[in-house]
Structures are given as structure tokens and as C-alpha cells.
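Which chain is which? They are A, B and C, in the order written, and residues in each are numbered from 1.
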Amino acid sequence: MTEQLKQLTQINAPSGQEEEMRQFIRAHIPPAAEIKEDALGNIIVHLRGTGKKMMFAAHMDEIGIMVTYVEDNGYLRFTNVGGVSTANALHSKVVFPGGIKGIITTGDSKKKDLKLADMYIDIGAKDKEEAEKLAPIGTTGVFCGAFDEIGGCVSSKALDDRAGCYVLLEVLQQIGNHENDLYFVFTVQEEIGLKGAKTAAYGIEPDIGIAVDVTMCGDGIDGEKMAVKLGGGAAIKVRDSGMIAHPAVRSLLVETAREHDIPFQFEVLSGGTTDASGIQITKNGTPAGAVSIPCRYIHSSVELVNKEDLHSAVQLIRAVAEKTI
Amino acid sequence: MEGLLEKLCALQGVSGFEKMGSHALGDLFRAKLEDVWEDRLGNVFGYIRCGKPNAPCILLEAHYDMIGLIVNQIDDSGFVTFVSSGGVDPRILPGSEVTICGREQVYGVIGMKPPHILSAAEQKKAMKMTDLAIDTGFSREQLAEKIQVGDPVTLSGPLIFMHDMVCSRSLDDRAGLASLFLAAEQLKRSRLQVDICIQAAVCEETGQQGARCGAFAVNPDLAIVVDVTHGATPDGKKDRTSPVGEGTVVCLGPNIHRKHAKQLLAVLEKQHIPYHIEVEEGNTGTDAWVVQVVRGGIPCLLLSIPLKYMHTTIETISKNDIQATADAIAAYVKFVSEQGGLRQ
Amino acid sequence: MTLQELTMLDGVSGDEEAVRAAIWKEIAPYCDSVREDKAGNLIAFKKGKIPKKLMMCAHMDEVGFIVKGITEEGYLKFAAVGGIDGRILLGQRVRVGEKKVPGVIGIKAVHMTTPEERKTCVKIADMYMDIGAKDKEQAEQAVSLGDYAAFDSGYVAFGDHKIKAKALDDRVGCLALMQVLKEANCPYDLYAVFTVQEEVGVRGATVAAYQVQPDVGIVLEGTVCADTYEAPEHLHVTTLGKGPAFSLIERTSKSDKTLVDFLVQTAEKYNIPWQFKRTGAGGNEAGVLQQTGCGAQTAVISVPCRYIHSSVSVADERDIAAATRLAVKVAETIDEVREA
């Protein structure tokens, strides 16, 4: 498990620039599968069946930053690509294409209401000219965050949503007989508005859509109040701020988990959303839901996911994919 | 109208959990309309067919989901915490009665900490959603077999009549739905050249997903959306509210099809149907906003019924305004039907 | 008469007539005499064998509202009668005046509030009731200045032996006191007093104590129970379901030690659960009973009520039954209290 997950997380693929991920996915798909790439760059893996059309989605992209202006002294001003908080950004290391590294810093870190606009990136350039060669305006970078095993967990950048990509790849390896017409979609640009999931669903017109993504945990100190616990099993989504999971999809997931004795918990998330809410409103509507992997410190460079939860998610997605409905 | 409102407001259907009420709503539809069906999201549709093949279609739409809560945790003492489904104002929750719709229907109240355990500063602050919990009178162990995280919670708010006003939970937008039924009664008695589709939509309060997908399926030539708008109250700004009891409210702005709006206003004037105008410079925050851009675009009209205390359990509306809205819809549909030209 | 019937009666402080009439009718057959005093207190008397006076009291009144103005648009301005936290009022339903006109306490839709407004609680002075009237004239036909209004809230049995109602404070006390009259053979002269205007400053009990001049005073109350969501345990005051609570000291009175010991012994003797009220704050009628005339030994037996002074007060049926049973036993054996 850990080797492939490590490789996945250490790929740099900010929203809109998922090429490295696409290559990796293509290289790790079983040879028998049909692979299609659509106009936005989604990778759609099709395992034909005669039953219901079932679409699974995990997103390849990760949050990052984009250079917006280069100062005379060689510092870079930047904007966020996806949800980047000031607390997570300050004094983080970022990496641009070509391995150019930089540090996000600010003049006065004690300033109240510090904004990303108060920060800049130091890439060690001596002046504007050198900086512009290394990272011109429009260059997109991602946060650095090494892969580590911590207790029964793994920590890294971009577990959102390489954990989900890992689950789908693993299911593709394990999948047995299935009647359902299965689509495994590795989507693009989730972090900036679920773009890939929407277009993929429009093309596929699935009967059921299920996203596989990470979700927040409520087991920290003074943190988010929610029932999801790290290590509590795969989380079956009830609602997030973008959607309420379709009751039939939710029941399908719950029944399947019960039938196979797969540990699960319910996710009632107050903020944030995932590809499922994009799939739900495609054309005349698609019953959609999500299997979430509990993750602490989402959108930081030290996202933390439990290995048992990942295992449960793999089991659950596989069991649902194989279940005749 | 009174009986209809009572039936509609009593229906279940917290946003995202409309299936709990869709069957009963389907029965109400079947009693009044043809070709009734329910889609995969829980939208309920019914038709008045004119009998002509390939006739133009007018969609009359109101949403039937209502604001509510969703259980997100049960603490060691059995207190049940929640998030909102749709925009519930936490300030109205202390002192309210609720039902958790789990394996069993579990009654509960939302109380609050008594003043003596709050600091002076805390006492001046409004309650936040995260400060509140449902007290079901059961322990955590007793609750385990009755409810679970993710169950929807309905707010109690029985319907009462006060002079010409009706007060109930979920009048947003069951009152709109009532106006569609009343308009349908009038339209069934007319000879129409167009098909009428009535849609009760899901999930308006959580992102208008139902309206978008329903309009895609029906693919109408004109959509008339009915929702509620803010009615005047003593604490509301005059320029952001509409008078209550003085007729329907016609919305104008980029969300609204100009030609249809002009024709509608002319029809209302001619037939002396009381109305006020509301101007929205952009997103109307209603289903009309998403319906307008479905497929190749759908011309939209938005009629609103002024409602006081929106998103509370004491939503208050004038029966006269519901009737005026129904009259306006029926009058305009008849006009368009006679006029023709819905399809260029 | 059931607790449901008692709580459904409206009796905001100063307007206790409905409660008084109902109780009077119910207790009359069990008393040597019943009279209404000048303040409106209902004083029931049962002669005992020992020439000492036990006064037990429970208040009939409840917190509520009074109409202070009618606006041009037909809305009612009001004040709270008794201590009401404004935060539990928005969106509440009420019954106004003798005709019990239905009304609601309105609130500007959340969509139109500023972030600042959402954080602060609306002052009661800025609130208004809506009775659906289209203007002042129509409102005045239904309601007059000075009309009282009460919470419109039903009686619901729910959860694990829980009940929810308005006015549990202090109809639970009234219920227990009625039972004392029906059941107990008190060795002392028993004065069972159903008082008025407790919520606005224990005014009924003040004059009743002056008239009775008791030797022993026992107050039957509904009291704060703060074992609510996220409340720290040391501030719970009482715990729901753990039996009636005995006060030790309060802002206005100090319970008599021998009398409290007697309550504890009696409870233990009859296997009735009990608890102490764990705070020095709050006050009730014991304060005036203790200090009137030559003074009296006093104690308080309270039923824990969550969300007290709201439309959704919650009590445990077992606590109410236990408090009632204890009140009866105490009245029957009051002569066993050791002299201080």
C-alpha cells in the first residue's frame, strides 16, 4: 500500500496541470481496461458491463499557488489555486516545475488578519530578471510535504485526493466479476470548482455517481464538531455544503458495508464539498453520494490519513462496484 | 385554500430528504393532474395536457423542500448536535420543538444554557448553531437504537390562521406550491393551446439542484417560478421588503425574460390583479436563476409571495397574496396560450 | 387535575385567575376552609391536632408578557413579565389577552441581517408580536394595552419519562401541594398557600406569610437544572432524574439545618431519591417565610427543570412524583422535626 501511495502523493499536479498524474494513472491501469481522456483531461477508465452505469470519481489535482507578480528584488507575489489558508501557507515550502523551490514568507508575521496578499515567495533569486527566468508570472507551484508513516497513519501533502486515486487504482486491480457498467474517473480541477467531474458526468450519464475523496475529522481539540473519527472506517457522506447525498446512494453504501462487515461511519460535513455535488446536477440529475476517507489537517502539507480507513474504502468501493443493483 | 395549505405544510421533506414526503405529494398531484411522475432526485411532476401533439410547454415551478437540521453528533449525555440543511437562523432555535426522523421519530426540544453559567459578555451574544443541542430526554445508550448521525430533523411549527394571514413552518415554498395548485384549478377549466407542467422541486434551499435537473428533463418553452420574498416587518428595511396583503410580486432584472415580463405586467393591469414590483439586479436566489441557463436557455418569470419571518417556524403569509399569485399565473398562461408565439 | 391541565392554564404574574379558579375547585372538598386574600393568594386551611402552624406554598404564576403598545402597522410591543432570556423568544408563539388571540414573536429574516446583527441578541424592547392584524385598528379590536400574553406551548411526554411544557415553574409545586391537601393528615395546622406574583418579586408570599405567621415554612418549587449541553458539571445546580432538590442556602434565605436534615431522613426512610441544590444563587419564597414576624424554620423542595422560564421547560416525571410523595410524607410527619 504505502509505496504506491507515496509515489502518488509526491507527484506535483496543481489544478489545471495534472499531466504527471495522468501519466502515472495510465501506467498503472490494468491492460484490459479501456482508457479515454476527455477535453479537460479527465482520465476515464471503462470496465464494460450490462447492468447499471456506475461512475466513481477521485480527483488528481491538488491545491497550490500561482505567481502573479515579480518584485524588483526577485520576490514573487502569488495567488491561491484552490483553498489555501494563510495559516497553512506561511513559512511553507513550495515547488515549481523544474524543481524550483521557494519559501512563503511575510514581512510582519504578527500582523492581524494576515492575508495571502501580504505574503511573498523567496526563491533565492538575486533580482527580478533571475526570478522571472525561474518562475515567470503564471507559474503554478504546489506545497512540499514529504511522505511519512506516523503510527498506523500516513502523512503527506496531497493526500487530498491521492488517497482517493489510490483507492480507485487499488479497486481496479482487485475487481472481480461485475454486472455493472463501471466508469472509474480520475478527475481534474476539483479544487477550483469540480470542473472535471461535471464534464465527465455529462459525457457518461451515469445512473449512480460516487466520489471518493477525503473529509475532515471531528476528533481534534477545539476543532470542527463532527462525528467523523480517524480510524473509524470509511465515511459515508450524508451532507456537505454543496450537496445532500442521495438517500438511495447512501443506503446502497450502508447496506453494502453491512453485508461485507466493512467498518464505516457517517459524514455530516458543514463546510466544503466534493466531485459528487458536480455529478449530482448534471443534465436531469444523477443520484450521487460519496465515500470519504477521514483526513486530519486537510489542505496542509501534513495531511494525515489512517491506513485501515483506506483499506475500508477500497473494500467498500470494490463491493459496491461488484454488487448487482 | 386553507385545507390545501394545511396538507402541504404538514408534508415531510427537509432539503435533501424530500423522499420522506414525495409519495404523499405525488398523491396530491395525482388528485389534480395527469401524467404524474417522480424523478430520481425526488422532483414531482404533473401535467395539464392540451391534447395537441408537440404543443409548447410552460413549466410552473415551486420548490417543496423545507429548511431543517441534520444530526452530526450525539454526545455522552445524549445531547444531539446538528448542522442546518438550508439556511436555518440559529437565533430562533432556542425554545423550539423538533422531531428527529431516525429509525423512530424522536421528539426533542432545543434549550440553552441558563444565564448563570454564562459570562456577562456571553449573555449579550446570540446563540450559534454549535452552541445548541437537542434534548430528547433519552440517554446516549437509549438513543443508539433510535437515531444515528445523518438523520434529518424537522422543526415543529403547526399551521394557524391569524386574521387573513397564515402562519406555519415551510410556507417557503409550500405557499408557492399552493398557488400553483390554485392556478391549475383555473387552467383545467380553460381550453389551452399549450401543455402545462407543474414541478415541485427538491433542494432549492441547498443549491437549487432540483430545479436545474427538472427543467432539463421537462425542457419547457417558458418557466414561471413561484417562490416567497421578504414581506415587510417592523425591523426590516422598506427598500428590501414587499408589502404583505397587497398582491403578488413580479420580479424584474436580468434573471427575468423582458418580453414576457412586459406582457405579464400588461395582463395584470388589464385584469386588475394586484401586484408589486421587485427588482433584482443579479442572482434572484431562487430556482429561476438556475432554470434560466438550463440547456439552450429557458425564458423565466418569477412571481413571489411576500412572507414574513423567512426561514423560521413562524413564517407568515397573506392568503390574499397566494390567491393573487395563482390568478396572475392563470391569467398569463391563458394569455400566452391564446397569443401563441412561444416557439419562434 | 393533571399536570397537563395545570400547565395549559395561563397565569402570568398578576393574572393568575384561571389557575386560582381551577385549583380552588379541585381542593375545596379536602380543606376546612379556602379563601382568596386581598393579593389574590389562595389560602387553604386544614386543622391539625398540635397548635403549631406549617405553611407550605407553591406559586401559581408563570413568566410571560404584557402588551405595552400597538404600532400603526398593527404589531404589539411588549415587555417580559418575570425573568425571560430574550434569546429564547424569537420565533415563539404566544396567546394574547383574554380572547387568547394567537400571535408570534417576529424576527427579520436572517437573509437581511448584518453579520453584526447575527452575533448579538435582539433586545426584548426591540421585539414585537404579530397577530396578523393589517393595521392598528384591526389589532385594537383583538387586543388592548395591558393584556397579558403567555407562551403557546403544548404539554408533551417524551424521551425517558420526560415532559416538556411551559410554566412547569411552578405548576409542579402546585400539583404537589394539591396532593398534600388531598392525602396528608398533618399534625400541625396546615396552611397550603397557592401564591401570586412570585416571578416579579415574591409579592404574594410576602403578604401570605404575614397573615399566616407560620412556625415552619416549606416551599415547593421548580428550580434551575443546568445539566445541559456542554455545561460544566460543577455548574449543573441540579440533575434531572435524581429526585427533588433541597436548598441549603440561597441569595434570600438560609434553609434551617434541622429541617433539611429532616427532609433527608424522610426521603431516605421512604426510599425517595433526593439531591442538594448546588448553588448559593437564586431565590424564592423561602426568603420571606423565614423573615416574617417572629421568623420560621424554612426549607425548599424543588423539582429540577431544564430550560426553566422558557416555552420548552423539561422535567422528569419521576422527579415530580418523588417531590409530591415527599411533600406528603413531610406534611404527615412534620411533628418529628427536632426543635432547633
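The rule we apply is simple: a residue touches a chain if its C-beta (ideal position, glycine included) is under 8 Å from a C-beta of that chain, and two chains touch if they have at least 3 such contacts.
Bear in mind that the values here come from a model prediction, so they are computed numbers and not experimental data.
Taken as a contact graph, the chains are arranged in an open line, each linked only to its neighbours along the path. Among the remaining chains, C is positioned farthest from chain A, on the basis of C-alpha centroids. Averaging Cα coordinates per chain and for the whole protein, the chain whose average falls nearest the overall one is B. Chain C has its Cα centroid 57 Å from the Cα centroid of chain A. Centre-to-centre, using mean CA coordinates, chain B is 40 Å away from chain C. As a whole-number value, the distance joining the C-alpha centres of chain A and chain B reads 35 Å. Shared interface positions of chain B, defined as residues touching 2 or more other chains, are 81. Against chain C, the residues of chain B that register as touching in their complex are 75, 77, 79, 81, 87, 89, 91-92, 94-97, 106-117, 123-127, 131-133, 135-139, 142, 160-165, 167, 230, 232-237, 240-241, 245, 285, 308-314, 316. If you check the complex, the residues on chain A that touch chain B are 218, 225-227, 238-239, 242-248, 250, 265-268, 270, 277, 280-281, 283-287. Of all residues in chain C, only 71, 73, 75, 85, 87-93, 101-112, 118-122, 126, 128, 130-134, 138, 153, 156, 158-162, 164, 224, 226-232, 235, 237, 279, 281-282, 306-308, 310-312, 314 touch chain B in the complex they form. Across the complex, chain B meets chain A through its residues 15-17, 19, 39-41, 43, 70-74, 81, 83, 85, 130, 148-150, 203, 206-207, 209-210, 212-214, 216-217.
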